[in-house]
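Before any comments, here is the structure.
Here the chain labels run A, B, C, D, E and F in written order, and each chain numbers its own residues starting at 1.
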Amino acid sequence: MKTNFVSDITNIKDGDQVEDIFLVKVKQQLLRKDGKPYLMLKVCDRTGTIDGKVWDGVEELTGRFAADDIVMIKGIMSSYKGTKELNIKTIERMADDAVDLSDFVAVSEYDFDSLEKRLYSVITGLKNPFLKKLLTLFYEDKEFMELFKIAPAAKEIHHAYLGGLLEHSLEIVELCRDMKNHYAEIDLDLLTAGALLHDVGKVRELKYRRSLDYTDEGRLIGHIMIGVEMVDEKIRLIGDFPAGLAMLLRHLIVSHQGTNEWGSPKEPQTLEAIILHNLDDLSAKVNVFRKAVRTDSGEGDFTSFNKPLGRYLYKGRNTE
Amino acid sequence: MKTNFVSDITNIKDGDQVEDIFLVKVKQQLLRKDGKPYLMLKVCDRTGTIDGKVWDGVEELTGRFAADDIVMIKGIMSSYKGTKELNIKTIERMADDAVDLSDFVAVSEYDFDSLEKRLYSVITGLKNPFLKKLLTLFYEDKEFMELFKIAPAAKEIHHAYLGGLLEHSLEIVELCRDMKNHYAEIDLDLLTAGALLHDVGKVRELKYRRSLDYTDEGRLIGHIMIGVEMVDEKIRLIGDFPAGLAMLLRHLIVSHQGTNEWGSPKEPQTLEAIILHNLDDLSAKVNVFRKAVRTDSGEGDFTSFNKPLGRYLYKGRNTE
Amino acid sequence: MKTNFVSDITNIKDGDQVEDIFLVKVKQQLLRKDGKPYLMLKVCDRTGTIDGKVWDGVEELTGRFAADDIVMIKGIMSSYKGTKELNIKTIERMADDAVDLSDFVAVSEYDFDSLEKRLYSVITGLKNPFLKKLLTLFYEDKEFMELFKIAPAAKEIHHAYLGGLLEHSLEIVELCRDMKNHYAEIDLDLLTAGALLHDVGKVRELKYRRSLDYTDEGRLIGHIMIGVEMVDEKIRLIGDFPAGLAMLLRHLIVSHQGTNEWGSPKEPQTLEAIILHNLDDLSAKVNVFRKAVRTDSGEGDFTSFNKPLGRYLYKGRNTE
Amino acid sequence: MKTNFVSDITNIKDGDQVEDIFLVKVKQQLLRKDGKPYLMLKVCDRTGTIDGKVWDGVEELTGRFAADDIVMIKGIMSSYKGTKELNIKTIERMADDAVDLSDFVAVSEYDFDSLEKRLYSVITGLKNPFLKKLLTLFYEDKEFMELFKIAPAAKEIHHAYLGGLLEHSLEIVELCRDMKNHYAEIDLDLLTAGALLHDVGKVRELKYRRSLDYTDEGRLIGHIMIGVEMVDEKIRLIGDFPAGLAMLLRHLIVSHQGTNEWGSPKEPQTLEAIILHNLDDLSAKVNVFRKAVRTDSGEGDFTSFNKPLGRYLYKGRNTE
Amino acid sequence: MKTNFVSDITNIKDGDQVEDIFLVKVKQQLLRKDGKPYLMLKVCDRTGTIDGKVWDGVEELTGRFAADDIVMIKGIMSSYKGTKELNIKTIERMADDAVDLSDFVAVSEYDFDSLEKRLYSVITGLKNPFLKKLLTLFYEDKEFMELFKIAPAAKEIHHAYLGGLLEHSLEIVELCRDMKNHYAEIDLDLLTAGALLHDVGKVRELKYRRSLDYTDEGRLIGHIMIGVEMVDEKIRLIGDFPAGLAMLLRHLIVSHQGTNEWGSPKEPQTLEAIILHNLDDLSAKVNVFRKAVRTDSGEGDFTSFNKPLGRYLYKGRNTE
Amino acid sequence: MKTNFVSDITNIKDGDQVEDIFLVKVKQQLLRKDGKPYLMLKVCDRTGTIDGKVWDGVEELTGRFAADDIVMIKGIMSSYKGTKELNIKTIERMADDAVDLSDFVAVSEYDFDSLEKRLYSVITGLKNPFLKKLLTLFYEDKEFMELFKIAPAAKEIHHAYLGGLLEHSLEIVELCRDMKNHYAEIDLDLLTAGALLHDVGKVRELKYRRSLDYTDEGRLIGHIMIGVEMVDEKIRLIGDFPAGLAMLLRHLIVSHQGTNEWGSPKEPQTLEAIILHNLDDLSAKVNVFRKAVRTDSGEGDFTSFNKPLGRYLYKGRNTE
C-alpha cells in the first residue's frame, strides 16, 4: 500500500504531489503570525521522519486523527530553510487492519499470535498449582494481555520493538528449561514464572502503542517496583497463595538486574535468581549483537562502535 | 535488680555462685557424647555476651524460656578451653515489667510513648485529607504501631536501637518543616508523609523484639519494596486516594537512598524527594557522629576510625 | 532601551538596518587577505550571541570599547556562509547606569544591595568576637566586597549568575540557623562563618565582570585553596585569633565538597563540617532543580535530561 | 585406613600415642639452639592442619618423604605454647594407591576417568577437522593430560578442588550445546573448543599436585596468556591451521573473563565469546552457590556472608 | 610539488580546474542509478579530506591505484548537497620517492634512519648475551624492521604518527638508563629489552602504511598478547634462552599498562616492571602535553579541554 | 649499650632481673583497686613493644620521664594473663647522645647531616633568584630545619622513618635533574623547588619526634594545604616574588598527588606538575618495593600480599 518511504523522499522535487501513508508522531496546533491556527506535524515510517504543515481547513482536519494514528496524507512537497516538508491538503485516519504496522514501527520478527500461543503453552505446562493459577490470571486479563502481547522490552538497547518483551521473556523461559538438565535442584516452575514476570512492569513503565517512551510512573517508580505491584495484585485474588512462594517470586523480580548499580535493590540470593539474571543478560546481549551485525552497513569485519555493549563487534565469519 | 554485667564477669572466680538476669540470645539443644541432650545458650546484657550450659534437668528447664526472653539464671562460674562459661542450675523467664530493658539492649533516649505522641501530633496536623487518612490508618493499626514504636532504624550503622526508627523519622519531619520557610514551593504534607513512611518497611525488614537481625523478606526483598507494599495496602482501604499523589509518595520511598548504588532503584526526581534524601542522610550522619563521640574512650581529640563514615572524627572542642 | 534580542534576529532580513545595545563577549583584531586590519566581534545579550565585523574605521572604533563592555551598535544585517552577522558601522560604549545589566547576563533575582544588607545583619549578629572581627574585616574590605557582591557561585551548574554566590551563601546561613534547634551542640557562629566563607575563593577562581570563566589561578589552584589563603590573610590582621578556631574554620572550607572525588582534600570530620557539606549540597541541588523546571519548555511532566543532576526531573504537580 | 582426622585431635591427650596418615604440606629443616638440625612439618588432612616436629633421627627420616607426600606418622601428642603438635618418631611415605586422596584434599565428585571419557567423547564429536585435530593433540599429550585431568579451576572461589577444571570445562561445553538450539548462527565447534580451552592455562598457573597455590609464571603472566601460548604451541604442530580460526579461538581465551577489570585484555566481540563468558560466569556462580549451601551449618535460612559473591545466600526452600 | 592543501580548497570555485597530489584514504566502486559503475573516493592530505568521484573511464582508472596510494589527480571542483567534491578526470599513482610523505600523514620529527641507528646502538650495547641475541634477531628480521621503523605508538592519543613507536620506545630506554644511577639493583639489560619490546605487538595491532586503524587481530587479541607471541617466536629460535629470563621479560610486556582497568592482565610485580610502567606513562603524557600545547591556537594561557588527559592544560609560561 | 631487644624477651624467665634501655611509647597514671596510683607504660624498641607497670614510688618516678623519652629501666620480668610484662623498680631518662636512636625507631639509612648537605648543595645550585631566596629562607629557618631534617614522608606506606621525607624529596630532585636531558623545555629550577617543597606540609601533618602519628591539623587540613601555607609565609618575606611563579609553585604542591581521588584538589596541568607527580609516585613505589623485598622472610619467590601496592611482589632474581 505504502509507496514511498521517508528515506526516498529526497527523490521527490518541490511542488510534486505526494499521496502516501504515515504514522503521526507529533501533532501540535500552533498560531501563525496572523493569529490563525495551523497544525505542525511530524510524520514517520520505519525509515525516518518528515515535517508536515496543515495551513488550511485546520478545524475540520484536526478532528480526523490523533498522534500515534496511521494516516493517509495528500499534499505537496515543499522546503523550509533547506529542509523538506509536506504541505498537507487532506489527511485521513487508516483502519488498523488496512495497514502493515511493520512499515511504520519496529516489530518482532515473530507474529504476536504465535508468541501468545507459546505463552499459553508454557502456562499450561506449569505443575505448581499456585504459579499456574497466577499466570493464568494474567493470561485471562484481557486488558493486560492486549498490552503484554505488543510491549517492547525496552525503549532502546535490546528488544526495543513491538512484541519484544514477550519474545525476550519466552526466550528466557526456554533457556531456563535447558538449565534444569544441568542444575537439577532448580525449582523450574518458579524460575519459569520469574522469567515470564521479571519485566512485566514494563507494560506500565513504557508507552508504546506505536512510538516508544517512558510513562510518568515508569520514570518515578520503575518497572521493578511496578512489576511487583502487578504480581501482588493478582496474588491477592488467589486466596491461599503461599507466602514463601510469593517472597521467592518477588525476589526474582527485584533482583533480576543483578546489582544495585543496574537498578536492582537486591542482588540474586537464590539459585533461580542467579540463573534468571544471567540468562536475562545473555538474551539481551545476543539481541544487541544480532541487531548490530544485521544493521551495520560499513565495510570491514567490525561494526561501528556499539554503544549498548561499549565496544566494536566482529561481524566477520573469517575462519580461514 | 541486675547486679553483675558481663563486662565485670572476669572478676568472678571459677566455682563462684552467680545469680543474675540476662537476655537469651541463642538457645540450642545439642547432644552430649553419651547421647543425652543439653542446652547450649548464649546470654547477654548491654555490655557483652557469655556462654551458658544446662546439663541437668534439660527437659524441664527448656520449656520455661525461649530465645529473646529475659531470664533469671542461677549457676556456677566455670571455664572451658580458657573461656568463662556459666554452668546453669535454674533458669526462669522474667516478666517484662520486672526488668529494665535498657540493661539488655540499646534503646532510644526518648521514651516510646513520647515519640508516639509526637507522631500523633504530626498526623493530626496534616491538611491534605488523603495523606492524613493514610497516616491515620497506619496509626490506628495496633499491630503495626506496636512494631513501629520500637523499631530500630537499622541493624547497625545509625539509630540502631529500639525506638530508633520513629526517633529518626520524626527528626526528619521536623527538619522538613523548617525547609518550607526556605523553599516555599514544597508540598509540605507530601514531604512529611514521605518522611514518616520512607523507612516504614523496616518493621518487616528487621527482627528486633530484642536482638537485631534481618528477616528473610528483609534480605530478599528489602525495606524499600516492603514499604511500598505496606503503603499500597493502606491506600487500597481509602477508596478515592488520588493516583498521582500515590505515585509521588511511592517515589519518595523508592528514591530516598539517593542513588542506585545505595539501593534505590530510582534517583530523586522531585523537589520533595531531593530534600528527603538529603535530610535522611544528614540525620543518619549526625546520629553516627554523636554515637562515635559519645562512646569513644580513647585519648586525643579524634575517635578511633569510624567505619560507617569511613574516617576519623574530631571529638575535641578546641577553639582556642 | 534594548529593542531586539538575539533570539529574534532571524526576523531581520539581510540588508536591514540594526541599531541596538549588546555586550561584547569577544573582540579580536585580525588581518584581511589584503593585509588590512578588521575587527572580529562576538556580541551577545541574555538570549544569544551573534558575530559582528568592523571593516572600516577600525583604528578609530577599536579605541572606543573593550571586551565585556556594553555598547550601542549601528550596522547592517548580512550573512556569511549561511550565518547571520552584523556589518558594524559605528560602535559606542554605554555608561553602566544607562543599561539594565539583566538584559545581558544572568543575574540573581535578589538585588545586590539587599543581599549585602542581609550579609551585614548576619555578621553583626555573631557573638564570637574573633569570628565577628574576621567577617567584619572582609565586609569592610571595599575591593573584596565589590567582587563578593556580584560573584556567581559557579561558572555553570548552580547559582551561575551574578550575585549567585552571596545568595547561595546566605541561604546556607539561614538553613544552618534552623539546624541549631535540632542539633543543639552545634557551634552556630563557627558554622555561620563557614557558610559565609566556604566558597569565598570563588571571587578569585572566576572571572565574572560580565561573562563567566575561570581565572588562571582558578584552574591551577582552585577556590578551596584560594579561600583558605584569603581567610588566613585576614586572620593575620587580627593579633590573637585562636589557633584552634582557625583550624576548625579552615577545616570547614577544606572539606565542604564532602569527598576527595569532589575536590575536597579532606572529608568532613566535625559536626559543623558534616552539616555544612549537606546543606551546601542541598542548596545547590534545589537551585539546579528550580532552574531546570523554570526554563524547560517541553511538553509532558518531565524536563529534558538534566546534566548537572544526571537524570530527568519531574516538573508536574500531579497529585490527583 | 585413616582413623583420626585433625578436627578430632583435641580429643587426644598430651602423651597419647598417635599413628595415622597425613599429607605433608610444609617441610623445613631448621636448627635447634644447640645447633643440631630438626624437621618442622605442617601435616594435614581435609579437616585441618597440625604441626609436627622430628627431633631424632632427622638425617635418616628426612630422606623418606617430601612435601606433598602422604605419609604414615607415628608419634606422641604434645603441646607447645598452648598449641597441640606431634612429636614424630617415625614417618613413612605411603604408596599412592594405598590412600584415599579425598581424605586429604578436596576432589571433584566426578571421578577423573569418567571426566576424561566425557572429554574424549566431546572431542571425537567435533566436525571441524582443525579444531578436532587441535583438541586431539592436547588429548594425546600424556604429560598434559595427567595435569589437566586433576587440575582445579581455581585456588579458591569456584571449583577449587582436584578435577574441578575439567568438570567446569565440560559443564560449559554442555551448556553451550543447548545454546545452539536457541541461537542457530553459533559456530558450535568453535564455541566448544573455546569452552574446553578457555582455562587451559591453569595447568601451569597453579601448583596442585595436592595442595593448591600459584606458580611463579601464574602470578607474573597469568592463565590467559599461558593458555594462548599452549594453544599456539599445538597449532604450530598442525601445518595448515587456518589463521582466522586461530584468531577467533584465541579471542575466546583472551576475552573469557568478560571485562578488563576482571583481567581480560579484550572484551567479548563475537557471539561465541559473549556466550562463553556468560556461561563461564554462570557455572562459576552456581558452583559457589552449591558449595555455600552445602557447607553452611548455621541455623536460619541464610548462609553466612559469602565472600566470592559478596552477599548472603538463601539456602531455605520455603515455598509455603 | 603539492600546491593546494585541503584546508585551502574552499578558495577554489566550482568549475575550476584542480591538479594536485593526494593520499587515497577510501576507494569504493559503486553503481549509478543507471547501473554503470563509478568510483567513490576520499582523498586527503595532512590538512583534511575531500570527496572525489570518477564517473568516466572507471575500468581503466581503477587499475592504476589503490587505497593508501599517493596519487596525482586532475579534475574539476564541483559541489554536491552543499559539500565540495572533486569530479576526477585522470588519476595516477606517484612513486614513493617523488612525494614528501609528511605532506600527507603525521610523521615523527626524527627521521626513520636516525631512529634505527639509535636502536642499533642500544642493542649492541646490551651485555646479557641472550637479550642481545633476542633483540638482534628482531633487528635482523627485515620484514619486521620495515614495519617497526615506521609504526605509530597508537591510533590516537600519544605518538600517533609514523615513527612514533620507535621514538617512544627509545625515549623510554634512555629514561631507564638514568634510573640505574638511582636504583642500582635494576637489571638494566632486562629493563632495556622490556622498553624496546613492550609495545612491539603494535606492528600487528595497527594498520598504518599511511592511514592509521586497528587490524582485526588488533581488536580481537590486542598488542599485549601479540607482543608476547612475537617475542616467544624469536626466543624459540635461540636454543637455550633461560626460562626465568623469558618469564620476567614477558611479565614486562604483560604488565606495562599498569592495571587491569588499562588492559594489563597483570600488575607490575618486579622493580623493572614498576619502573617501565611509570616511564611509559610519563613518556605518553609528555607527548600528549607537547602536542596539545603546540597545536592549540586559542587565546589565553590554557589549551582547550584535552580529552586524553581529561583536563585543561596550561600552555602559558607566566613566571612573573 | 642496649642488651636485649623485645623480640628476644621470651627467652627471659619470670622472676629474672632486666636492666635495659627502651623508648616510652605510652605513659598513663591509673588507679589500683585500693585507690593508689600506678603507672601503666608501653615501652618499645625497633623490634617490638612490651607492657610495664610501676607499682611503687610512683610519685617520685613519674617526674623523671615522659612519653617519647628513651629511658633506662630496671625491673623484674613477670606475666599477667599469659602476657609478659615488666615490673619496674627504677626508671631514668637517657641523654639523647647516650643512645643510638636507630635501636628504637626506624631511621633513614642516610645520616641526617649528609641529607642536609645534599639539600644545601641543591639550593645553592638554583639559578632563579626568587626560588633560591625562597628555599634559602626555609634552610635558614632553624626551627623548621630541625623538624624537616628528621621528618618521615608518611605515617605508614613509604619512607615511613625518620629522615624519610628529606631522603624522598632529594631522590625526586635528582630524578628531575635527569629529566631535563630528555625534556628540555622543563623549567628545572621550578621543578626542583616543587620537588623539595611538595611534601613540606608533612612537618606539621605528622608528629614524629620518635613515634609517628597525625597531628590534629594534619587530619583536619592535610599536608597539601599546610604546605601551601608554609610556602606562602616565606614568600611574603620576599618583597617582590613574582605572582606567576608563586602560582606555578603552588600548583606543583596542590596537584602532586595526581588526582582528586588521591587528595589533590587539582590535577597536574603543567609539564613540571605532570613530571613531579610521576616521579613522586615512582619514588614511593620503589621504596615500598624495596622494603617489602628486604623484610619479607617467607619462602618462595614472592613476598606476602603487599597492602600498599595491593599485590604480591616478586623478590626472586630468577633469570635462568
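Keep this in mind: contacts are C-beta pairs under 8 Å (C-beta built on N, C-alpha and C of every residue); 3 or more make two chains touch, one makes a residue touch a chain.
None of these values were measured; they are calculated from a predicted model.
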item: Third chains touching both subunit F and subunit A; value: B, C, D, E
item: Between subunit C and subunit E, centroid-to-centroid distance (C-alpha), Å; value: 44
item: Subunit D residues counted as touching two or more neighbouring chains; value: 216, 219-220, 247-248, 251, 269-270, 302, 312, 314, 316, 318
item: Pairs of chains in contact (touch as defined earlier), listed by label; value: A-B, A-C, A-D, A-E, B-C, B-D, B-F, C-E, C-F, D-E, D-F, E-F
item: Residues of subunit E touching subunit D in the complex; value: 216-217, 219-222, 224-225, 228-229, 232, 247-248, 250-251, 254-255, 260-266, 269-270
item: Footprint of subunit A on subunit D - complex, ascending; value: 171, 174-175, 178-179, 181-183, 187, 190, 242-245, 247-248, 251, 267, 269-271, 274-275, 278, 281-282, 285-286, 289-290, 302, 309-314, 316, 318-320
item: Residue numbers on subunit A that touch subunit C, as the complex places them; value: 216, 219-220
item: Residues on subunit E engaged by subunit C in the complex (per definition of touch); value: 299, 301-302, 312, 314, 316, 318
